[in-house]
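The following pair of complexes shares a single chain, chain A, combined with chain B in the former and chain C in the latter.
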Partner chain A sequence: MKTYTKKQRELKKNLVGWLLVAPSLAFMLCFTVWPIFRSIYLSLTKYRMGMAKPEWIGFENYINLFQSGLFWKVMGNTLYFALITIIPSMVVGLFLATIVNRKSRLTGFVRTAYFYPVIMPMIAIASIWMFIYMAKNGLWDQFLAALGRKPMNVLSSKKTVLPAMAVMYVWKEAGYLMVFFLSGIQSISEEVNEAARIDGAGSWTIFHRITLPLLAPTFLFVSTIALTNSFKLVDHVVIMTEGAPNNASTLLLYYIYQQGFTNFNYGVSSALTTVMLLLLMVVALPRFLSQDKKIHYN
Partner chain B sequence: MKKKKAIGTMITIFAVLLGLLWLIPLVWLIGTAFSVPSFHMTLFPTTAFTLDNIKYVWNAVPFGTYYINTLILVVCTFVVQFVTSTMAAYALGVLDFKGSALVFAVIFMQIIIPNDVLITPNFMTLSELKMVNTKIGMMLPFYGSALAIFLLRQHFKSIPRALADAARIDGATTWQTIWRVYMPCAKPAYLSFAVISVSYHWNNYLWPLIVTNSPANRTLTVGLAIFAKSKEANMQWANVCAAAFIIIIPLLLAFFVAQKQFMSSFVSAGIKE
Partner chain C sequence: MRKKIALVTAAGLLASVVALSGCGGGSNSSGGTSSAQGAAGGAGAGESKAEGGDAAGSGEALHLTFYYPVNVGGSAAQLIEGLCSDFNAENPDIVVEPVYTGNYDDTVTKLQTAVQGGTPPEVFVSLATQRFTMASTGMAMPLDDLIAADPDGQEYIDDFLPGFMEDSYVDGQIYSIPFQRSTMVMFYNKEAFKEVGLDPEKPPTTWDELVEYGQKLTNENRYGVGLALNSGSAQWAFTGFCLQNSENGENLMAEDGKAVMFDTPGNIEALQFWLDLQNKYEIMAPGIVQWTDLPTQFLAGEVAMIYHTTGNMANISQNAEFDFGTCFLPAGKRQGAPTGGGNFYISNGLSEDRIQAAWKFIRFMTEPERAAQWALDTGYVATRQSCFDTDLIKNYYEELPQAKVAFEQIDVAKPELTTYNAAEIWRILNDNIQSAVVGDATPEEALKAAQEQATEVLAEYQ
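What follows is the complex of A and B.
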C-alpha cells in the first residue's frame, strides 16, 4: 500500500467525494435547480410557442395575472381545496391511527382497508369516482334517491365540485397520513402512559394530555407533506372536470399545465410556476426553522 | 372493567364498519369490471361473472404495450437511482468531503420543490435535448433522487466505521467498499426506496402525459386517462372499471401480500431527523 501525506489524503478524499456525487448532482442541477431559476427568468418575459426567443417584459405577466379575476379564483380554489383536504385528512388519519394502534385480531384487515387507496393511481381513482359522482345513475345520487332526496350531480355544481373532490382525496390520503401518526404514537414510550395510568388518568386524558402534545413534531411534518401533496396532485382535475364548471375546480398546477401545454404560453406558465415555488417554500419554512439543528448534516 | 371492555368492542366494531366503508370503491370497481354492463349502477354485482369487459378493453386499448412501457420506466428509473444514489449517499454519509454543504442545499431544494410542479421548464429542457416522446425523457428528471440519497445516507451512517476500515486494510478500494460492504448492509433501506420509487412511477401521470405523444411510449396511467375520457367510454362504467382494474392489480396484489413492508416504506420515506 502506498503512503500519502495527510494533505494528499485530504485532497483525494475531496476529489472522490465530488466524483461520487457528480451523477446525482448533475441530474438534480438540470431538472431541479436550473428549472427553478429558468422559471423565474421566463416569468419576466413574453414567450409563446413559435417565438424564436423570450422577450423581456419585466413584471407584465405578474401584473396581468394579479389583475385577472381568473388568477385569484384559481388561487382561492387551490387554498380552499388544500384547507378542506388537509384538515379532514389529518383528523381522519390521526383517528385511524389510534384505532389501528389497538391490538385486536381485526387490526390487520382494518389497516389494509384504510391504506390500500394510497397505492392506487389517482387516475384510476378519479375515473372510478367520476362514475360514483355521476348525475342520477351514479352511486351517490342513487344513495340520495334511496333516502328520498334530490340527486345532486356534485361535479357540475360550482359549490360542490371541490368538496366532492376533497372527499375522494381524503379517502385516498388519510391512510397515508395514518402511518405517520401511527409511527409517532408508537414511538411514545409506554412508560409515560403507564405512569399516567398509575396516577389515575383515563384514556381520554392520556390521549389529549400526553399523546397529542408529544405528537407535535409529527403534526408539523404531516401538515407539510399534506399541503405539498395537495398542491402537486391535479390528476383528478384532468380526468373529472378539466376545471369545469366555469373554472370552479381549476387548481394552480392545472392552470400551469393549461397555460403551458394548451395555450403554449410559456411566459405566463412560468409566472404561475414561480407563484407555486413561493407557496411551496412558505409551506416548508416552519419545518426548517423548527428542525434546522436536527435535520442538518449529522 | 366491564365498561372498558364494552367500549373496546364498540371501537372495534366501528373500526371494521369504517374499513368496510373504505372498501366500497374497490368492491364496486372489481364487481363492475367482472359483470355484464347494464345501465343501472349497483354497489354489488347482480349479473353473472364475465371476462368480456376485460377482454374488450384489452383489445380496444394497447394495454400490452402500455404495460411494457410502464415496466421499462419503473425498472430503468429504479436501477439508475440505485447506482447514482448509492454513490452520492456514500460520499455524503461517510466521506465528509469539502463542499458537501452545497450538495445538501441542492438536495433540500428538491425535497421542498418536487419535480411535479416544474413541468413547464423541464419540458423545455427536454425538447432542447430532443427527448420529447422518448422513454428516457420520462425518466431523466428522476435519475437524481434526493429522497433516495437521504434514505441511504441515514442507513450508511449507522454502519460502523470499523467495517469499512477492515475492508480497506484488506486492500479494498473505495468503489469496492461501497458495493461490497455498504450496499449489502443497507438492504432494508433499498427495499423501502424500491417500494416508494416503483409505486410513484407506476402511478405517475402528469409528466408522462406531457412527455409522450404516441401509443408507442405511453404508460398505463396515460392510456387509462385517454380511454376514460374517450367517447366509447362515455357511460360505459363496466369498461372503465375493467381498464382501471388492469392498471391497479399488480401493485394492489403486492400490497396485499406485503402490507407491512409497504407501510413502513412510506413512513421511512417521510424524512425525519
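What follows is the complex of A and C.
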C-alpha cells in the first residue's frame, strides 16, 4: 500500500467531506447565496417590469426609502409586532412546557393538542381567525355583544389590528417554542432537582433557581428563533388585512412582496430585502458570537 | 476504502449536477408548470387536446395558452374550460389550453413570471385597469390592425357597450376587448323598508334620500348603509361617489392615464360624505368593513342598503331570505357609477399566425350568445348591445328583474381609477382614504397627500 504524507492524508479526508456536502452546497449556492448577491445588486439599480435591463443608480433606492414616512412606519410595525409576539409566545411556550413535562395519562394528548397549531399552515389559521375577528358577526364581536358592549371590529382599527394578529400568532407559535423548552427542561438532570428537594426547596424555588438558569442556552436559542420567525411570516397580513387600515398592519415582508409583485418595482423591493437581511443578521449575531461562551451548556 | 471513496464521489457529483441543472432551468420551469396546469385543467381541456392532436396529423395545430383569473364564486373555471373545448372542436387547427391563474393579482404575477421566462401566454384576461401597464411594459399588443383587417371589425367594436369599451384605449389605440365586466349597484332589503314605513318600490335616488332612509332604517341591530372600505374596494366605490359629486362627470384620472385628480373640492366633499355617514349620521358601521363581509351582513339583515358588485347577484338572489331590490347608485349632483372587471389581451411579439388564432379565439368568446350565457352564469353584465336581443338575456331579466338595473346603469357609468402603475396608484388612494376613515387625517389632508404621492409616481410619464 502506498504511503501518504500527513498533508495528503488530510486533503483526502477533507475531499470526502467536501464531496459529501456537495449536493447541499450546490443547493445553497443556487437558492440562497446567489439570490442574496443578486438582491444586493438589484437594490442598487432602478428596475421595474418592462425595463430590458436594470439601470445602475447607486444608493438612490435606499435614500428614497429612508426619506419615506411609509418605510419607517413599516419598520416600526415590524419591530412592534416582534416585541408583542416574542415575549408572550416565549412565556406561554415555557408555561406549556412545564405543563406537558408532567407525567400523566393525558400527556400524549395534551402535547399533541398544544402542538397542532404549529403544523397548520399560517394561511389556514389566518382564514379561520378571520371568523373570530370578523366585524359584528365574528366570535369576538359576538362575545362583546353578549356582554352588552359595542363591537370592536379589531382588524379595522389601527390600534388593535397588530395586537389582534399577535394573539393569533402567539397561539400558533407557543406550541413550537414549547418543544424547545421541553427538551431543555428534560435535559436538566433529575439529580439536581432531587438534591434541591432534599434540601427543602419548593417547586417554585426549584423552577426559578434551578430550571430557569439552566435553561439559559435554550432561551437564547428560542428567542432568536422567535424573533426571526416573527419577521419571516407574512401570510396572515395577506389574508387578513392586506396592510390595512392605512398600512397599520403592513409588515416588512409584506411591503417587500407588495413592491415586488404588485408594483413590479424590483429595485425597491430588493433594497427592502437587503434591509431585511441586515436586520436578520443583527438578530442572529448575539447567538453567533456567544456560542459556547458565556452561556453554560451542560 | 478506495472503492467507497469513489462511490461517494460519484454520488456527490451526480447529486450536485442534478441540483445545478435544476437551478439553471429555473427560468423555464414556469412555462413547464403552466402547461402542466393546462393539461391538468379538467377533462374538457384534455379531450380537446386529443382532438387537436388528431388534426395535427394532417397539418400543424397551433397551440395557444390562455391565462384566466376567476374573481367570483361558482363554477366560472369550469365554464371557461367548456368554452375553450367548444372552440377547439370548432377549430381543429387551433388548440387553446386554458390555464386558471388565481385572482386578478395572481394572474398578473404569473404573467410577469411567464414573460420573464420567455413563455408568455398568447391570450390572457386581466383587469381593464391594467391596460396602461400592459402597454407600457410591452406585455400586450394594440389590436387596431386586427380590427381593421377583420371584415366586420369596426361593427364588432361598435357593438360593445360604450361604457365598457371606454376603458380599452391607450393613447387612442385599442389594447383590450371587454369580457367579464361589472358595475356597482345598490342592493336593498325590501322588508326592512316596509318595516320602517318606506315604500319598498322607491329606493333612494339622491344622497339626501340616502341619509333620510338610512336614518329610518338604522336601529340597534341594523345599519342603514353599507360600504366596503378595505384596500382594493374603497377606490372603486369612491370613483362612484366622486362621479356623482362632480360638476360634469369628471373622473378621478385623465384619460391618458398620466395624471390623477384626487384633491378636487368635489372629491373632498365626497370623502367627507362617507365620514358623515359613519360619524355624523351614524347610519354606517364605523371603521373598515371588508368587501367579502358586506353581502353576508346584508343577507343576515344587519345592513339594509349595500353598495356592491353585480357579480354578487347570483349569491344574493339565491341566499336572501327576504325580498330584495336593486337600484341605481343614489345621485349627488348627478348620477354616476364605476365599472370594473376584466378584458382580453393578446401578448406582444407573437408570430402572425398566432396573433390571428388569438383574435379568432377572442371573437369566439365574445359572440353575442356566448357573452350572454357568460353573463347569466356568472352575474357579470353582458358586454355587447346585441347580447340584449338574445332570448337568453330577455328571459333572464324577466325572471330576475333586479339584474337589469346594472345594464341600464351602464349609460351613466364610467371606468374605475386607471393609470400607469395602476396598482401603486390604487394603493396610494386606498391608504389615504383609510387614513381619513380611521381619523388620522381630514378628508382634505388625505386627498392632498394622495394627490402628491400619486403625482410623484406618475412623474416619469409626463
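As a working rule, the second predicted complex is superposed on the first by the 268 of 298 C-alpha atoms of A that agree within 3 Å, B and C clash if a C-alpha of one lies under 4 Å from a C-alpha of the other, contacts with A are read in each partner's own complex, and residues count from 1 in each chain.
The rule is simple: a contact is a pair of C-beta atoms (placed from the backbone, for glycine too) under 8 Å apart; a residue touches a chain by one contact, two chains touch by 3 or more.
Everything numeric here is computed off the predicted structure, so don't read it as measured data.
Chemist: A:V234 contacts which: chain B (first), chain C (second), both, neither?
Modeler: A:V234: touches chain B, not chain C.
Chemist: For A:M49 in the superposed arrangement: first (chain B), second (chain C), both or neither?
Modeler: A:M49 contacts chain C only, not chain B.
Chemist: Using the touch definition from the top, say if A:G243 reaches chain B (first), chain C (second), both or neither.
Modeler: It touches chain C, and chain B stays clear.
Chemist: Contact-wise, after the overlay, does A:F31 reach chain B, chain C, both or neither (first, second, both, neither)?
Modeler: Once the two structures are laid over each other on A, A:F31 reaches both partners.
Chemist: Counting only touches as set out at the top, which of chain B and chain C does A:I99 meet: first, second, both, neither?
Modeler: After superposition on chain A, A:I99 lies in contact with chain B alone.
Chemist: Just chain B (first), just chain C (second), both, or neither: which does A:S156 touch?
Modeler: Touch partner of A:S156: chain C, not chain B.
Chemist: Of chain B and chain C, which one touches more of chain A's residues?
Modeler: On the superposition, B touches more of the residues of chain A.
Chemist: Thinking of the overlay built on chain A, is A:A135 touched by chain B (first), by chain C (second), by both, or by neither?
Modeler: second
Chemist: Tell me the contact category for A:I256 with respect to chain B and chain C: first, second, both or neither.
Modeler: Touch partner of A:I256: chain B, not chain C.
Chemist: When the two structures are overlaid on chain A, which partner does A:S183 contact: first (chain B), second (chain C), both, or neither?
Modeler: A:S183 contacts chain B only, not chain C.
Chemist: For chain A, give the residues common to its interface with chain B and its interface with chain C.
Modeler: 16, 20, 23, 25-27, 30-31, 134, 137, 261
Chemist: If you look only at chain A, which of its residues touch chain C in the complex?
Modeler: Per the stated touch rule, the residues are 12, 16, 19-20, 22-23, 25-27, 30-31, 49-50, 134-137, 153, 155-158, 241-248, 258, 261-265.
Chemist: Taking the touch rule as given, give the residues of chain B at its contact with chain A in the complex, in rising order.
Modeler: Touch list, chain B to chain A: 8, 11-12, 14-16, 18-20, 22-23, 25-26, 28-29, 39-41, 43, 83-85, 87-88, 90-92, 95-101, 103-104, 106-125, 140-141, 143-146, 149, 171, 174, 178, 199, 202-206, 209-210, 220-221, 224-225, 228-229, 235, 237, 240-241, 243-244, 247-248, 251-252, 255-256, 259, 262-264, 266-267, 270-273.
Chemist: Give every residue of chain A touching chain B within the complex, in rising order.
Modeler: On the chain A side, the touching residues are 1, 13-14, 16-18, 20-21, 23-36, 38-39, 42, 96, 99-100, 102, 104, 106, 108-125, 127-132, 134, 137-139, 142, 171, 175-176, 179-180, 182-183, 217, 221, 225, 228, 231-235, 238-239, 253, 256-257, 259-261, 266, 269-270, 273, 276-277, 280-281, 284, 288, 291, 294-297.
Chemist: Mind pulling up the chain C residues that touch chain A in the complex?
Modeler: 5, 8-9, 12-13, 15-16, 18-20, 22-23, 105, 109, 112, 133, 136-139, 230-232, 285-290, 293, 296-297, 300, 302, 421, 423-424, 427, 430-432, 434-435, 437-438, 440
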